[in-house]
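The same subunit A turns up in both complexes below, where it pairs with subunit B and then with subunit C.
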Partner chain A sequence: MSQTGSNKDVSEENLPSEQATAHEGAMGVPPRTKSLGEVADDPFADPGLPPHEPRVQDIDKRAAKRSERTVALLFTVSMLATVGFIASYVVLPIDKIVYVWPFGHISALNFALGLTLGLALFCIGAGAVHWARTLMSDEEHAQERHPIEAPPEVKAQVMADFKQGAEESGMGRRKLIRTTLFGALAMVPLSGVILLRDLGPLPEGKLRHTLWSKGKLLVNQNTNEPLRPEDVGVGSLTFAVPEGLEEDDHDFQKEVAKAALMIVRIQPEDIKDKRELDWSHEGIVAYSKICTHVGCPISLYEQQTHHVLCPCHQSTFDLSDGARVIFGPAGHALPQLRIGVNKDGYLEALGDFDEPVGPSFWERG
Partner chain B sequence: MKKLSARRRHPLAALVVLLFALAVTGGLYAAFAPADKAQADTTAQSLAIEEGKKLYSVGCASCHGTGGQGTSDGPSLVGVGSAAVDFQVGTGRMPAQQPGAQMPKKPKIYTQAETDQLGAYIASLGAGPIKPTEDQYSPEGANVAKGGELFRTNCAQCHNFTGKGGALTGGKYAPELDGVTPKHIYEAMQTGPQNMPSFPESVMPEKNKQDIIAYLGTVASGESESPGGLELGGLGPVAEGLFGWVFGLGALIAVAIWVAARTAKAKKS
Partner chain C sequence: MSTSSTNPAGGTDGRKAPAGERVADWADGRLGIYGLAKANMRKIFPDHWSFMLGEIALYSFIIIILTGVYLTLFFHPSMNEVEYHGSYVPMHGILMSEAYASTLDISFDVRGGLLIRQIHHWGAIVFLAAMLVHMMRVFFTGAFRKPREINWLFGFLLLVLGMFTGFTGYSLPDDLLSGTGVRFMEGAVLSVPIVGTYLSFFLFGGEFPGTDFVPRFFSIHVLLLPGIMLGLLVAHLILVFYHKHTQFPGAGKTNKNVVGMPLMPVYMAKAGGFFFLVFGVISAMAAIATINPIWALGPYRPDQVSTGAQPDWYMGFSEGLIRIMPGWEINLWGHTLVLGVFIPLMIFPLVLAAIAVYPFIESWVTGDKREHHILDRPRNAPTRTAFGAAWISLYWVLLIGGGNDLWATHFHMSINAITWFVRVGFFAVPVLTFIVTKRICLGLQRRDRDTVLHGRESGIIKRLPHGEFVEVHEPLGQEQLHALTQHHQYQPIEAGPVVDENGVERKRTMAEKLRAKLSQGYYGQDSQIPKPTVEEYQEITSGHGHH
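Here is the complex of A and B:
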């Protein structure tokens, strides 16, 4: 029964050549040791299955009983954990916070529910694995594979049946039926295609225009007050929205997503781009806050380098040089809004952006 | 006493009493006069500037220049104000240990008194933001929800939604805000240290700053509640998903391999 107690120490009659004859056709693991002479004869001899080894539980009735009790214990713990889950759901208030190392100050309810449900599921799994490994039969069985290809006579029969069916249907003779059938089959998918029209109205001009227009004041998003040039210091960062846009407006999110501005002040002599300087007011520049790559809000402004970094894909723009792209996947510079000062001394827009804000699209131009 | 009483009718007695009265009046005046107090204050101020200048010459002048005018190694300090000094020195960022992309926070070197003296000297070089008083930065009674909104608009892009910090370009980073004192948060917003933009009074009033400080006290202090626990840097579901897939599934695979690798056979091979 157990001639090969260990594969490392194969006795003479279990060497590959002997096994190949003893277990003809059986499949199994290749042997780990071979002698040189036999390798030359048949290097790929099938050693067959090693003889079956019993487990402690197969030999010892008490060990089997112990395993049975262990499995039953695991299933019982799972039941108790489920009871614990229901109890914690009922008992614990939703806002109770406890300190549990290393998680920190966490919700007692979350912790109790997770712990009990985890324990309940784990114990079912562990019990099942222990059951299968120690008590269920572990006799090895080899199942022979069969060829995938059908025998030639079956193939011939199928081909003959198909040919007979084609003749009986008259596909070859009744050309009218054949042609209209092909037409019908070709037309049917059009119903699916036409439904794609419901994917949404066409964007039309929406991608090209924002709420900004000539004379609109720049409103500070923190205070909801219009900005004056003297409010904006060098090195500061301010976010502005067009006047008249209220947070409880129905389309606030849609509009602010296009119109959001970041306002910074750069010493006019540090501005390298001539158009940027022309469109600024005494070094105060207003740029779109929407990244031109895929439209993330972008405002990681470094006041010493004047770089703006997009947190999504690391596109970097140089605000002192026309918001040129200096790193990353963005395709073009951030759009700049032309600003000036009205007669009351407030910052105002001198028109809409002259190009679409946000990510590129086919017809952007 | 008897001797004194016996001479009370002496011709010079009146003169003595008069002199005595004058001396007492003068002495009292000298002790309580408000003008004198003002005199003492300016002395303390100029003394602080004097002391601050000495500390500056030893600890700061090598990079920022002997008069605070700046060199190739450090920016000019004219006009940065005492708030900037209190932030940079009070959080240990200055004096810098070595040049680099950004000066990290480290244990502070100067005491609060010395920091104030340095601040007084730097403030004397040019007008700048003044170190805030406690009622300016105290989050007492501030609106936490409004603070959260302001934080997400103005700060979260670099410092993360719960102040966990994040990376910037070229080795720079926005630091974690856990455990930063209200005073230092206020000063940072006021002055814009290093590459952080400033949020001056004109665009972010004191009240807004207090709201932000109150919000940070709620989400980014050691005692902050986190119902889910194990925040993994507060980066959100992507980081949590990655952790689950890599470490959660990895642990399950490891357990499966461990179970399968152990033989159930009676004879261990």
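Here is the complex of A and C:
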């Protein structure tokens, strides 16, 4: 019972109990030669490969011919489809939209190109597979496997060679060479690591500051006009950015990612948080629009409850109560911006946020 | 026909060999192709539908590379702001990154560009799905056992790298949806204790979003990751050839042979043809089903978002983790530990690692050092099958969590209820799945045992002389008897003290105790039904004929 030549390592205690029985069958190709008497000893023994059953195509010439014609037809359809592909490319304008049931209004060119290409490819595949299944020999053969493990002689040879090589190198004896070599090899990748330093600047305080500062006007993001208290109605959510931030500024994306603001008006008596009331102007409160979870912009406002919802993972904040988290995975309240009105009657910031906006990080504290 | 090198210019009979043969001779003299062909041209491959799953993965990878190279011809990996003036009228005059503008161009100005983009994206989805299902096939049939553990790891790495390649590709067009995904990733990176902000700044070249991430992701997406994957893929396939394919048990199939049809011609035609089938189907999908319509939502702006944003399916899993996690945040000594984000970020690799290391755990428990080329029927390895099913169930639970808003709106449930369901389900569902799957496996084993001993139910009802009705059981043929009984059943390791060869008793180490425990769990009384022995069979069949 030399099963794979390597089972000598299996500890006795958990060897399969019946491994030594004839279940493994004869090695290699076990043809069906056992007489019935032999089989009776072990009804579970491997009876060997079943005899090959011929297909219709193997017996009936006409069926084989039919298969041949089917395969050729598929290949021909493929050629036609490629012609159709080229024709669609040439004929169909790129902006033509057509209605195709049930897919709706779609690009005619994309539809035609995709289907003709798909058909051309599919028919080659179908033809080849049909050919293989019906006309090529489907007789099963058995091939022997050989253990992956090297036989002991080979292993011994390799070990001896290795030992000789190692000895000839003097690696073991000349400790000084070995140690310094390892040292050099260990150090040289440091250069590669150092080179990564300029991938970006250091964080320093950058995440703590936004464009907001004392006296900056709150500019309505949709109209680009500075906001006055009367522009902020009850029940609506207004988005604002700091004055001076223009869409074509080179760092617009980075700045708006921190400075984006949402403004709502709440009846002052409905504001539950004392500081929130202090930092508001006649019930107008300004909060960071950037979710404190992982930074999506918040966009949904429920005017009855003054709840805002982040559409990404449904964190919900209560804007009438210091924007604390009332649901969802966000870890802390939205930062509030302290606002007032300047002498011309426009809403202005009274400083920057007093804590970092957006997702939390280690240095946030 | 020329068979020797005695007459290099022609056949042995003096005639010139055909041109093809001369070319082959030339190549053989330089590459030794005849040696390779001898070993491989008529190599036998066993046939089973589930062996095609890996092929689908392979072919979709090739399709992705072909279409990806085409996309690079038109895509501009740059975040310079430009004003759009292409064919898509609704976007006219809008400021956007060149990356987004060029993706619009690919979709609206390059004929066939949209098709290739959609084939690329559909290809990515099929690729990852095929890899996952292929991996499950390997898992449930025990094909990862010796000598294939390393190939299991190669395959696993391909899956993980494929996920990242997909994610970086998804981010390239710089549209609103992809930007939202990138922001999610940035928030997750920020949560890493101590080094989070540094990682984020190095990744984005400064503060989010900056102007570097598209070109950086581009080289990761088209060069770094696909390059590594190509290497792994080649190694994976070489090992498949070298180990020879596994086969399901059956008549004539042993651990020492491989039964099937030869590579040439049958598998060349079948596998080659199958490539075209996969390519054809993905092309048709790209023709009829729009995927990632980047024009619908506009370019990315960090202060804008759409509702119902969803990542591709293979990332839905991490989406679920992040959504159901409570927002824990610990502030200590001026520092913040963002557990609400960091824990999900860590669970993600842990869950993946659990399946990756499984083969090594199982082989440690069995202590089996033999090669295995005959696949297990999943029922015959109940603990393994139950573990795999539990793993998949966790994946599904998290996928549900990832779409909690969609569930809520489509089925009018409260998000709160779904979140709690998923939180409880995260722990309970895998356990339940484990228990139920194991029971089902044992039930099937019991049925196999009955079938072997009493024959198959024939559906024919017979009335006995005294009036009783019985169903006639047909005895099985030897092929079926063999197929149902050929598997090995391990015996559990006893938990008592060990006696070494000198007869000295010694206490078991902790590791040995754990191993014995696990072994009991795997192969103890409640974990497998003893398969019928020859004696049992003979006693029943030779005795009274009454079943």
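As a convention for this text, the second predicted complex is superposed on the first by the 321 of 365 C-alpha atoms of A that agree within 3 Å, B and C clash if a C-alpha of one lies under 4 Å from a C-alpha of the other, contacts with A are read in each partner's own complex, and residues count from 1 in each chain.
One rule holds in what follows: a contact is a pair of C-beta atoms (placed from the backbone, for glycine too) under 8 Å apart; a residue touches a chain by one contact, two chains touch by 3 or more.
What you see is a predicted model, and the numbers here were worked out from it, not measured in a lab.
Trainee: Give one of first, second, both or neither to describe whether A:Y301 is in contact with subunit B, with subunit C, with both, or with none.
Mentor: Touch status of A:Y301: first partner only.
Trainee: As a test of reading the superposition: which chain, subunit B or subunit C, is in touch with more residues of subunit A?
Mentor: C
Trainee: Let me test your reading of the model: by the given contact rule, A:V285 touches which partner, first (subunit B), second (subunit C), both or neither?
Mentor: In the superposition, A:V285 contacts neither subunit B nor subunit C.
Trainee: Contact-wise, after the overlay, does A:R55 reach subunit B, subunit C, both or neither (first, second, both, neither)?
Mentor: First partner only, subunit B.
Trainee: With both complexes overlaid on chain A, does A:G235 touch subunit B (first), subunit C (second), both or neither?
Mentor: first
Trainee: May I ask you to decide whether A:I271 touches subunit B, subunit C, both, or neither, giving the answer as first, second, both or neither?
Mentor: neither
Trainee: Could you look at A:S137 and tell me whether it touches subunit B, subunit C, both or neither (first, second, both, neither)?
Mentor: second
Trainee: Considering only touches as defined above, state whether A:D46 meets subunit B (first), subunit C (second), both or neither.
Mentor: In the superposition, A:D46 contacts subunit C only.
Trainee: If we overlay the two complexes on their shared chain A, which of subunit B and subunit C does A:T223 touch? Say first, second, both or neither.
Mentor: So A:T223 only meets subunit B here.
Trainee: Kindly classify A:I106 by the partners it touches after superposition: subunit B alone (first), subunit C alone (second), both, or neither?
Mentor: A:I106 contacts both subunit B and subunit C.
Trainee: Taking the two structures together, which residues of subunit A meet both subunit B and subunit C?
Mentor: 6-7, 100, 103, 106-107, 110-111, 129, 133, 138, 221, 239, 297, 299-300, 311, 314, 327
Trainee: In their shared complex, at which residues does subunit A touch subunit B?
Mentor: These residues of subunit A touch subunit B: 2, 5-8, 53-59, 97, 100, 102-107, 110-111, 129, 133-134, 138, 220-223, 227, 230-233, 235-239, 264, 297-305, 307, 309, 311, 314, 316, 327.
Trainee: State the interface residues of subunit B toward subunit A in the complex, per the touch definition above.
Mentor: Interface residues on subunit B, with respect to subunit A: 150, 153-154, 157-158, 166, 168-170, 172, 174, 192, 194-200, 202-205, 208, 223-231, 259, 264-267, 269.
Trainee: With touch defined as at the start, can you tell me which subunit A residues reach subunit C in the complex?
Mentor: 3-4, 6-7, 9-11, 13-19, 21, 23-30, 39, 42-50, 89, 94-95, 100, 103, 106-107, 109-115, 117-129, 131-133, 136-145, 147-148, 196, 199-203, 206-207, 221, 239, 241, 247-248, 250, 252-254, 256-258, 260, 289-290, 293-297, 299-300, 311-315, 325, 327-332, 358-365
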